[in-house]
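Two complexes are shown next, each including chain A; its partner changes from chain B in the first to chain C in the second.
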Partner chain A sequence: MLNTIKQVFRSPRFLIGFIIFALMLLTVIFYPLFVKADPLAMVGNGNFFKPGTYVNVSETVTANRYTLNVDVSGAAKLDRQLNESDRSKMADWLIRFGGVDEAEIDTSDSVALVELWKNNYSPDADQPGLISTDKKSFERLDKRIDEILSSSGIIIATEEEDGTLTESETIDETSYVNINDLATTQTFVLGTDNFGRDVLTELVAATTTSLRIGLIAGLIATAIGLILGLIAGYLGGLVDDIITFITNLFTVIPSFVILILISYSVGQSARGVGLVAMIIGFTSWTWTTRSVRSQVISLRNRDHVNLSKLSGHSMFRIIFTDILPYIASYVVMALILQISSGILAEAQLSMLGLGPATTKTATLGLMMNWAMQYSAHLNGSWWAYFPVILTIALISFSLNLMNTGLDQVFNPQLRD
Partner chain B sequence: MKMTKKSLLAMLLAVSMTASLASCGGNTTTTSTESTPSSTTSTEESSEAVSETSSETSGETETAGSTPRNETLYFAGQQWGTINDWNPMSANSNNAMAIAQSDMSRVLIYETLFMYNMLDGSLHGLLATDYEWNDDQTELTVHMNPDAKWSDGTPVTAEDVAYTFDTHVKYSSATGVDYATYIESVEAVDEGTVVFHSLCDDTGTPINPLKVLEYIPKVYVMQKAYLQTVEERNGSDAEAMKLDKMEDLVASGPYKPYYDDDQKVVFVRDDNYWGQAESMWGKLPAPKYIAHTIYADNNAGQVALAAGEVDVCQQFITDVQKLWEEQELPIMTYMDEAPYGLCTTMPTLWFNLTKPGLDQVEVRKAIAMAIDYDQIIASAMSNQSPTFAQVPRSIMNPTDGEQKLIDKDALADLQFNGKDIAGANALLDEAGIVDTDGDGIRDIDGVNLSYKAECPTGWTDWNASLEIVAAAGKEIGIDISTYFPDTNTFYNDMTTFNFDIVMNGTNGASVSNPWGRAMQLLSSTYNDLEINWSGNWGHYENARADELLALIPHETDEATLKEYYTELSQIYLTDVPSVSLMYRPQLFYSVNETVWTNYPEEGDDIPPTDCTDGYGIAALYELELVNP
Partner chain C sequence: MSDKKTTGVAPAAPAAPAAAARPSCLRGTGVTKVFGFGETRTVAVDHVDFDFHEGEIISIVGESGSGKTTISKMLLGLISVTEGQIDFQGKPRDISSHKKKNEYWKGIQAIFQDPFSSFNMFNKIDAVLLDCINMRGGKNLPKEEKVRLMTEACSFVNLKYAELTNKYPFELSGGQMQRLMIARIFLLKPKILLADEPTSMIDACSRATILDMLLKLRDEINMTIIFITHDIGLAYYISDSVYIMEHGKFVESGGADEVILTPKADYTKRLISDVPKIYEEWDLSTV
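Our next item is the complex of A and B:
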């Protein structure tokens, strides 16, 4: 036994798969110990906030200030915030509608350009041939320039009881705060989703759910498959015929269709994690039955089995001691694949809106479903769906890698 | 040996990938290795076959019904399936692009007497020029535009208007059934004058003058001669009349059917359109063709809009401002800032007032208090709605015209702001509705407060809103699960009173609103209907509300109206028979300026009704090509 395990771990494929899977398991176990937030809490008031650290604005006003002698005033600021295309847009407008001579314009001198712009641009100017969206983009650019110009010397004022504002301080352009001094920061490593939920926390919770569903579904499917396969293969005859008949029946009907029908008929309120896992388990056992049965048939006429029979051992004893150990490696491999396919089945179900309820559990499929419904893939919110896809891919990749690793160890034909 | 090892690894990787992709677990690696080559070939074969046929079909469609890009205005978000008929009397027409008889009817093919402009609430003449009431509002006289002609060149007369109404009533179309209870008859006095006679009660006062007025911007005028042809071929059978496809239609609008299949629908301009007379538009609409590709879903439509393949898009788009702010596309909405559109309707959560628990005002109010409306507006609605802090709750929509009809100070104490979990819990505890069996869900007489909140599947923003409602329920110990059936099932459930909680829109802007919306929210007159499409789906009943609702249509004094509407809003906010979740535009409106420009935007007098509905069609006459 120990020797077998050693051998298995010597297989690089198994080892890589195992490490990936173990890392995910560890994350799933330890992350919730450190981050206690509710994975379904809608924190962000809006769709798809970008990944990053969010700093409380009012705290930055009161926090400890440091003066850094970095030039952020005037020209340097304009240079940094107005990029090449902004400047050529400005130049273009000035020439076309502002009556400025092309020779006067130097796009590399942002200060002069902005001065020209402020003197000549007016949103109400007659702009023949310009479409509304372009007019609006110039208005936005003008507003942005105003903001850049005016952000020097922001004044903080406090409101008195009678409603008058009293200037309390002016914020200097060279003032900085250290992010470590701030107590109320919120970091979204993977941003937020369409409901404003923290994607990373949700992803960890979803992976836990998915692994649980995969494990339950895999265990159920493998158990049913194994038992039916053993009985059919060992007993043969009428029992075999009946079981094979039923198995074939279930093989022919696409299990995913049954899955959809059952999920739909039980209704959403009943569709918890356990039930979904059970439905998946009960619809995906057929291939295990078939393979176990064929292996048992080839085993049952071996000499050691016949010897046991002659010795008068009971059927259960023969199955457990003389047959099961020979197919154990296969069963483990089948279980691994069943887990992987159970996870994928849940993802598919939830994508169709037939998985667990959105407000009760986080699952990988639900995350994908909502990201797609809110067209995250169209508006550049990669963080809402890509990590989910990656997680699903890594789970099934690592499980399949472990499976092929095991196969390499146990299957004599593949051994090198 | 090394080579074999490498190829083996490659093969194993390929196998594991295929296995994981196809999710066919359970079989041994050996079997899957064997089955992989055959299955791969078969998929390749079938995909080749598919691509062949699809290239063939796309080749066909390019010739059939294809139109020059710079003469065509492309739409998205109106038509979602192959057109089934052109019949304005049909009960199950899906021809949204041509037939939409609503408060602002789509007047591309068929035309109404007047066009409603939701910006100022005015009626602009179309087939008619003007209207006037007599003093006791029993007769509405409408004068026809003498220039109006049918597509066959004959004039549109008063006789046509009268015959259209008679036909609707005679064959009990939905329109006929609705208006026969308010309009006694439509009389053609002479060729150019129509008189609508209000149906009166015993005392001789009209039952509802507002509904009479509502008819004229809503119902399409059909040609008498053509209707007689249709009657003849259907043997005057009511069912057959409503099922007639009317593909040979005679209408008066600026466009006529040109091409349609399961990929698209195209209308072509009628260059003899009567509206180029000086008395109407004085010219023809700019686009020669109106086309609507039938997209699979919202995402497909959005991609097409971004690519400039769609000019006018009636779809909800998440973070729509990113299209111009980040992607810098020539796309705009009616307003540059949130809420981006003109919100005139209020998607509302209707409680079934006969369900145990929901029959108690405390439970309804607690749910209403707990819901996080800001979250719904910011995330589910992507900020495309004013918040309830900006426009406090009442039975009014956010437009100025309606808001001035209520006394906001009188309603201030009744407002609830949402996300008030503590308040909602306290309210339920005080009412003695507690969790007695310790399962985390409150119960009444041992029955858990457990409800199903329902809206059609695929209505993304509504689905998300209901999820946020369900999350609120979880916080206050009321189990609300979401249920998203297909649209037909949903409407079936809603109209037959077979639901716990449904989400549905309210009336938007029209000549008969806010009265019509007040009816929807509070009137018990719909409670006895077997199939109720009209309103008050939760069967609320309040005698005082009914009384007020009956008074309003006869009242013209604004101060009295304000009093009535304020009292109705007080009743509404006190009893919470339903609760609005957000404000919403009647039509979403995003336009792309790649080909066409000069679309209506904030500040214009043309409403953003997608260049097709009500007075919004005036936009078609203003459009210009970006590169003529």
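Our next item is the complex of A and C:
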């Protein structure tokens, strides 16, 4: 037993799969201990905030200020603050409406570009073919360029009792605050989703739920498959015929179709996480049954089973001591595969909108569903779906890797 | 025994003069086994009659696929009999319930062909031997007494219990495992022992030891031994009476000397003539 376990861990495939899976499991266990926030709390007031650290603006004004002599003027500043798309937008306008020759424009030289812009751009110019939002966006860009060019700093004013504004201080170009001085910052490692929820926290919670669904579905499917396979294989005869018939019936109808039909007929309100897991489990036992059955058939005529019969052992004892241990490794492998396919089945169901209907927990499938419904894939919010896909892929990759590792170790033993 | 209908089969004449007085312990009439149906239908054993007497060593000899293992499994009650009747100690055999089967298996036990697949590799050797003691009603014996019985059984087959305890069967050699099987039989002391090619998977040296132990079992416990083999020379060496099996039928039977020294059936003659041929070929190749 101990030897077998050692052997299993010496298989590189199993080891890699195991490490990946264990890391995910540890994350899922320990993350909630450190981040106590409700994973489904709607933090962001809006959709799909980019990943990053969010700093409270008013706090930056009152925080302790440091003066750093870093070059922030002229060209360097323009270079930094005008990105690729701003520059190509400017070039575009200049060519179309400013009458500037394309050859004159060099978008990599921001100083020259801004000079051209300031000389030629006018919001009142005739801009045929542009709708008003586009015109406005050019006006905004112009204003931003003015702000960058003005080196006067930002004036903070306080409102007097009579309503007049008095300048209280000026924040100049060389002022910095230390991010550690700020009491309230919020980091969204993976941004926020369509409901303004922290994707990372949500992802950890969803992975927990999905693993649980996979485990429940896998245990149910494996238990049913094991019991039916043992009975059919060991008893044979009419019992075997009936079980094989039912199994074939379920195999002929694709289980995913049954899954969809049952999920649909159960109704939106009743479909909780547990129920979906059970539905998946009850529709995916067939191949476990078939393979357990054939393994048992080959075992039941073995001499050690005959010897056990001759020793007067009962049927249950023979099944538990002479058959089960021989297929135990196989059953573990089947369970791992069932868990992995259970997680995938939930994801598929949820993407069709037939997954667990709940606002209290997230699952990997539901996260995909939400991201798709709010077109995360179209508006470039990769952080709302890509980490989910990656997690699903990693789970099934690691489980399958563990399985092939186990297969390598156990199958030579099964064959001889 | 004059009611045998199968053509070419002489009545199973007991070999030893005193054997006529020995009571029958296992008798079969028209015993048949059919596997499958339709295209896959195989008649593995075809209406065979036999009569085995107490204290004898009976050999069933036949080529591979002639139905030897099938008939032994029927005799053991491990597979059902398609047709025909088996009498055990003069009465029709009744193995209709689990309890009755257990009772039957106190009287008949087996050693199988392949020692490596005969043991459950997850059970320790002690468990195998303790099972036998329990089956003989020794469940409540004190521990020392059980150990004494196991030690005795092991020394009967030249094994040391102290070296075997807490080991798994697969840690033994093939010959040692087969001896452990005999130790099991020694503990169980059944009336009949069915040995299905017990020596075909082990080396020649262990083979002689195993055969000696079987003879010792017969002499000490007066056990009836049904010895199944494809080696007619071995059958001649060990047995009192011989049954020759071809394609599921007994083509010839009788005392070992009678059948092997004066064979009547062509099949028997061929089996016998095959034996020296092999040695001749060996001689040629080594010269």
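Criterion: the second predicted complex is superposed on the first by the 347 of 416 C-alpha atoms of A that agree within 3 Å, B and C clash if a C-alpha of one lies under 4 Å from a C-alpha of the other, contacts with A are read in each partner's own complex, and residues count from 1 in each chain.
In this text, a contact is a pair of C-beta atoms (placed from the backbone, for glycine too) under 8 Å apart; a residue touches a chain by one contact, two chains touch by 3 or more.
For clarity, every value in this text was computed on a predicted model and none was experimentally measured.
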Chain B and chain C placed together on chain A: clash or fit? fit
One more residue to check, A:Asp303. First (chain B), second (chain C), both or neither? second
Which partner does A:Thr174 contact after superposing on A: first (chain B), second (chain C), both, neither? neither
Counting only touches as set out at the top, which of chain B and chain C does A:Tyr330 meet: first, second, both, neither? first
Exercise for review: Classify the contacts of A:Ser314 with the two partner chains as first (chain B alone), second (chain C alone), both, or neither.
Suggested key: second
Note, angle between chain B and chain C viewed from the Cα centre of chain A, nearest 10 degrees, works out at 120
Query raised in the report: Is A:Ala221 in contact with chain B, with chain C, with both, or with neither (first, second, both, neither)?
Result: first
Counting residues of chain A touched by each of chain B and chain C, the higher count belongs to B
With chain A overlaid, the minimum CA to CA distance between chain B and chain C in angstrom is 23
Note: overlapping chain A surface for chain B and chain C spans none
Interface with chain B, chain A side, in the complex: residues 13, 40, 42, 44-48, 131-134, 136-137, 140, 194-196, 221, 225, 267-269, 284-288, 290-291, 330, 333-334, 337-342, 344-345, 348, 353, 357-360, 370, 372-380, 393, 396-397, 400-401, 403-404, 407-408, 411, 413-414, 416
Counting only contacts in the complex, chain B reaches chain A at residues 1, 4-5, 8-9, 12, 15-17, 19-20, 23-31, 298-299, 302-303, 306, 317-319, 322, 324-332, 336, 372, 374-375, 378-380, 382-383, 450, 452, 457, 460, 463-464, 467-468, 470-471, 474, 479, 481-484, 593, 597-599, 601, 626
Listed in rising order, the residues of chain A that touch chain C in the complex are 302-304, 306-315, 321-322, 325-326
The answer for chain C against chain A in the complex is residues 73, 76, 78, 98, 101-102, 105, 109-110, 112-114, 117-123, 131-132, 135
